[in-house]
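Order of writing sets the labels: A, B, C, D and E. Residues in every chain begin at 1.
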């Protein structure tokens, strides 16, 4: 009941928001924050009551907060929810990120009611996917998340958002249908025809027909790979991210991508153990390619947000590397494969926190100047030290520095995968290096050097619509860039301009609270993070550090489930 | 206080104070200096206590397997190193308070510095791979922040980036080593690595060697040292003496049993160290910039540590590490002092600096002589001790490398002890310090100098120099034996008399020759060696960037637009088949059609590859199909009839023919 | 069945086909209508020979009426009623001919390939009674449904064909006592 | 002979519909022009009564009545309920365009009669029953298609009629061929004798009979009327024409495939699968570029028939076919009517663009459209999703995995053109200010309510699918 | 002449009528002429049904019922055809199928 409440509370609130037409708009954001806070509190309550030592560890036995109601009896589909050590952290992550998105969006001016309702709807969809213990229920929520995100990008995005949203929808919908076909294959292949995940995992179908098992895994794999996304199904991602609103990007990267990787753990591995073992090397290879491809392509980006988007591919590649390694039963010890699996799960959580923070930070750039182009920002550490600090911390976190959650994840994945797939793991390691390079270069371009501010007339969402109206996305062609450059105002810091003076930044106290409400118009001003932005971003970073320094509480929850899945996949 | 608490505090105290300073931001600037000095001094005390106490600490971390936690312990090697690190850190922090301009963001600076120190202390006490990796990587990251401390100035941040990336490239080795440990021993204990089975031991050993080479700026990773000189002098003093570069040497010494078990890795290490000593020695001799000279010499000296680890001479290596730390700290402090005072670190600009600032000048002279390996000073002993286990070609290379240290030490001495600059030299590429007599402020390439060396700096320099000299006692056999015993590593090779005498003599001879005829080195400065022997080119990111751009283009043009083209081609026929009067379609179609066309052009641009042609054909066939689908609906009934009949006929054929 | 009967039946069949072809050959709609009627009557003749007198009669009567209606209809509404102006009103002649021939060919091939399980010909019982019993028994529901169909057809045909309804004739409130018709006559008069 | 005749109570729903039709006609004949709403009330009550009356035999045992010409089972029951309910909804949503129309009454009457025809199609257990059922399900629609009597309407009527007449006689040829082959027309007789009959004859017969039901369903290659009629008829009529008779036709095809055509030496299932594949593909691809709302929906209904024929193809091959049919028919009925209702809500908006502009500042209409169109795509948890899930499963279970994959690909393709309608509408509604102070497009209330109701119903039916299935299969 | 051959010949007649009807339905421009083509197909059905009954299943009433239904079909379709023709004539003053081509694509 508690779990159902957690899942359905947001959508009910969304309905109420839409229904209460008399409610003034300014209350919408506050109610939204309130609801997400309550949801987070409920999840905390659930976590507190979660027994991480429960026997079985999850998947087949040991699910907690279970609830089951029959839905479509002829195909044995039901409303079946429950949590275990893999879904618990992701549910928590979801509520945290949605709270951050709510806080971030408190100032949303454009149709705030529908915006809030869509996010709340999306929250239910995401939570439902993580909680679902029935394939059809999983698919329902999985698909709804796509719908919700489509409307968010199409309605509140900028730049060429309509096209990006369409591409996102079509591409991920294709993936979700492939997934559905795979589910049907699981249903038909099982001895007892059911869509119930627990029963399918307990008694995996298609064990004796490698061909069908492989095909079903292929369908499920493609479906999840599109969502994750993995090379070469990733091309919707950069566009969708670039044109989505900041909070939308944060949710898309932080939560929705996890639906894909979560699906691998929850569905592909326990239900198709033989096929997963047989094809684990493919997963590993795809993971490694994604790692390297994502990192390298990100390195070449000239747009901050796009760059972050590509790093998501890189980070998700690690997850798959870890999960693939977990399936290489013959070549690695169970303990080691557990390490890789745990790492993959931690990576999901970690990436959620850090990438969401980075996307919100990129939203700061957009709010100030309507562009993410590296060429149009510079030396921001001078006017906006808080922003610089937050960006620096987030970047270091994302590049896998110890002390952050990402280190725990990547270390475990690479260390755990080495025995199973030495070549792959060694090939993936440079991904860490390239990620480091690209983040450092980004920091260098945005935060240091001469101050470059873009404060063009008509920046903000409206400018994006102008671009949409002329049919060409920002920064897509040299012509647009030239056009944009005329709007960009280069403000050289006097000290830096002299080049030799040992001078400190000219505005050392900009971070003081007195500056928080400065105007955003005019050249030479770059308003530092506002209180709202700080409250949205900093907790995410803090959580990442907390996990990075004290990972045990999280690992205690994940490990039993990871052991369970490794055991299941070894059947 | 229990031993483990001391050990914990040893790491946590500087770390916590550092973080606190960073969080305080500019508000903490005023109190940062004193606080940092107090902290490091306290840390030094703690280090001494911990070294005596030999405690262990364990904190839960990753878990699951043995050695997954954060575990620290102090043994002989660690004991020596924590004291060294803490001492040098204290000295550098004190120097920093005097050297760093008042208006700087001091809280940030000392915050980083303390964090860095904590990381180094953790590195040298770590007993598990996660611990080591955590400390190791944080050290790398803080080094980036320290080098890029003056982020406002062009080039500083990118220098930090270079340093971080190069060292991180080596760090990847530790990740792999961890994997190998897990695979080979099922645990992440450092000590267990030597017992790993099968090829995993080789993998682990080689990976750790890689990490060490990266951190210690050994060949082929040496170039970052040059870039790291962009940092403030205090940073250079810390990074290039007892920490950071030393960490690579340390880890190899720590892993001596593993190297012993994998001879080929040990040999590789030895050769890498020896060659680095040789090449960077030459590079150092060719420099015209004081800090660059010192940087290169650091690489060369640590090369001897690596050599020592490779040949199993742990005690010698450790001695070399410690002695070098003291010497190099001294020299960097002095170089920093001169930089602040004169605004230059160019050798031309520093002519006569030692005469002008006699206090630090004397310290520098002593340190430089030590560096040159002049008997009976410390490095003379430790150098030869370090290479004691080597033989044959390796020994010769090492000896030449050692001799080169006399060359650059002499070069340095020749400049700073030499006569002051002549005014008529002002036409040179770099401006010399100018007219000393008129006492006006002068400009160097680093701006206006203060023309003043604070007393604190002199004191620090002297203290360090005295320690450097004092470490010469390691040459006394009883002390050496004690030292070896401390490291719990009896049976170490010890240099005999000739092995000591010969290099000492060589050093003195070389020193004198260069001091007398400094111009001998002139040609060297104009060659490739002055530019770090082309090493930066070796690690240039350019090919990677080019690859990244190429992939990005493939990503956007081939994969993305290919997919998109295929997806939209279904309706891509839009304009061609559309009748003129039905033109009221959504703009989006046009946009997409235009994009599809652009995609087509883009695809064409990448010369007819396989993907390209295939996608093209697929898109075209879909497009044609889309046209076919609408064409039957002609509006003419008799054509409907005919088509229905044909369709039914076809179905009849299917029905009859396909059973 | 006697040979004579067989020959007559076949002759009638041939006639039906020839008349059917004539429908699309003659250049007058009136003639076409009568050709069609002839074709139907020939088929009715076949029925008669094959022991189905009742249905033959129904067919003949119904087709006669229907063709009469059709003729009237043509003469009233359609152009070129009497074939005064020879004209061609066809499209895709060869394609259609090919289609028609293909259908014929396929069907005929089938007909001559199939091994027909012909029942022993004997004295037929009262065929009309057989029909009647079936209609009132087994197929009663079919006939009921046909009744509904006919009711529907009347309604649907009327609505589709007429331009004016009760409200045009009797006013929106049906209050008019005499219908307002453009032409006098008809119901409600 | 007495035992041949069943109890009239077995046909209670149909009797209620026909009686309702007659009563409505009588009521309407004596009602003033503006007060023909009475006839509507009678019709809706009759339709709902029929739906209610259909529930108890749905639960009861299967039985063939009236000389085995009429089958009462879950298939019939499904069509009885869905067709009656859909008729009631269409009658309500037609209010806006029909109220005060001189032929308003007759429209409701014809709808009720056509619904009866659809049920007869579904229930026919004898080829000879199929023929009048076909007529009854066709004849009223010819008139309804051209109810507006404008140029487009009558053209729709003409094409629909000519196509229907032609295919109708082809079906007669088929029936004749099957009777020739089997010597009887009852499905049980056919099932028994067709396996031994001459294959060419059986093939021609099966094909022509299937052509008839495919025509009613609007499947390739006899689908040509669908887009033209959808575009030419009034939206409410188009809603009826593309929904109610299809339910019966698909059920009829299902019944044919399940029993009489199953045992022949011919691969009838494959032919149906081919028809299914062609329908969904052609419908979807041809819809890509449509700019008219109704025409787009017309093609969309062709593709939907393709999905439904998947179930037909596996009628004899999978246990899952019956639940799939029940859920898909129900989902399709609700959703398709709803989509047409959404189109009808803005009667002046013919093109997608005009619709989007008209829907501006009408969030509930847009919301309904979102639910309905995404429902047609098969987005959970709407009713069509459950239907698609069941039909995909059934298709794979029946050995047509390739068809399932194709259907999935088609679903993605269909999303594209639904979004072409949906996206501008959602965006248009987003802008609160009209551009040049145009007068807002007129909103028709009844279709608006119908759209909202069906949208809600679609979701409710999806979530409550279990209840419905329990009713049908239990 | 055996019964089988006679049956086949009569069925050939039926097939010929169907073929001619198909030709007519496809080739004629006038709506009424198209209807005539359709009538001819029904005519073929009649021949087929009557032959089937006589030669194959004289004991079963089904072919006879089929003939009745064929007549019903013919009548109903005539009615609807004329009604449609009238309607389109009223609306557009044409009676040719080729003239009604507004709806297409």
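Note that contacts are C-beta pairs under 8 Å (C-beta built on N, C-alpha and C of every residue); 3 or more make two chains touch, one makes a residue touch a chain.
The shown structure was predicted, so the numbers you read here are calculated from the model rather than taken from an experiment.
> Name, by label, each chain that touches both members of the pair chain B and chain E.
C, D
> Suppose chain centres are the mean of their C-alpha atoms. Which chain sits farthest from chain A?
Farthest chain from chain A, going by C-alpha centroids: C.
> On a CA-centroid basis, which chain has its centre farthest from chain E's?
B
> Which one chain sits nearest the middle, judging by mean Cα positions?
A
> So which one's got more C-beta contacts, D-E or A-B?
A-B
> Roughly how far is chain A from chain E, going centre to centre by Cα mean, in whole Å?
66
> I'd like the Å distance between the centres of chain B and chain D, where a centre is the mean of that chain's Cα atoms.
Distance between chain centres: 72 Å.
> Just the number, please: Cα centre separation of chain C and chain E in whole Å.
Measuring from centre to centre gives 8 Å for this pair.
> Indicate the whole-number Å distance between the mean C-alpha point of chain A and the mean C-alpha point of chain D.
Computed value for the inter-centroid distance: 43 Å.
> Among all residues of chain C, which ones touch two or more of the remaining chains?
Those would be 91-92, 95-96, 99, 103, 106-107, 116, 133, 138-139, 142, 146, 149, 153, 156-157, 160, 163.
> Show the residues in chain E shared as contacts by 2 or more other chains, in ascending order.
Residues 11, 18, 21-22, 25-29, 34, 56-57, 62, 65, 69, 72, 76, 80, 83-85, 87, 90, 97-98, 100-105 of chain E touch two or more partner chains.
> For chain A, which residues are shared contacts with two or more other chains?
If we look for residues of chain A contacting two or more partner chains, we find 162, 166, 170.
> Which pairs of chains touch each other in this structure?
A-B, A-D, B-C, B-D, B-E, C-D, C-E, D-E
> Please give the residue numbers of chain A that touch chain D in the complex, ascending.
For chain A paired with chain D, touching residues are 70-75, 77, 111, 114, 136, 139-141, 143-144, 147, 151, 154-155, 162, 165-166, 169-170, 173-174, 177-178, 180-181, 184-185, 187-188.
> Would you mind writing out the residues of chain A in touch with chain B in their complex?
Spelled out, the residues of chain A in touch with chain B are 162-163, 166-167, 170-171, 232, 235, 239, 293, 296-301, 332-333, 335-336, 338-339, 342, 379, 381-382, 385, 396, 401-403, 407-408, 410-412, 414-419, 422, 425-426, 429-430, 432-434, 436-437, 440-441, 443-444, 447-449, 471, 493, 495-496, 499-505, 508-509, 511, 550-552, 555, 559.
> Where on chain B does chain A make contact in their complex?
25-26, 60-65, 101, 103-105, 129-130, 133-135, 137-138, 141, 144, 148, 150-154, 156-158, 160-161, 164-165, 168-169, 172, 175-176, 178-183, 186, 188, 200, 203, 446-447, 541, 544-545, 547-549, 551-553, 555-556, 559-560, 563-564, 567, 587-588, 590-592, 594-595
> Name, in rising order, each residue of chain D that touches chain E in their complex.
128, 131-132, 135, 139, 142-143, 146, 149-159, 161-162, 165-166, 168-170, 172-173, 175-177, 179-180, 183-185, 227-228, 231-232, 290, 295
> Please name which positions on chain B make contact with chain D in the complex.
The contact residues of chain B facing chain D are 570-571, 573-574, 578, 582, 584-586, 588-589, 625-626, 629-630, 632-633, 635, 637, 640-641, 643-644, 646-648, 650-652, 654-656, 658-659.
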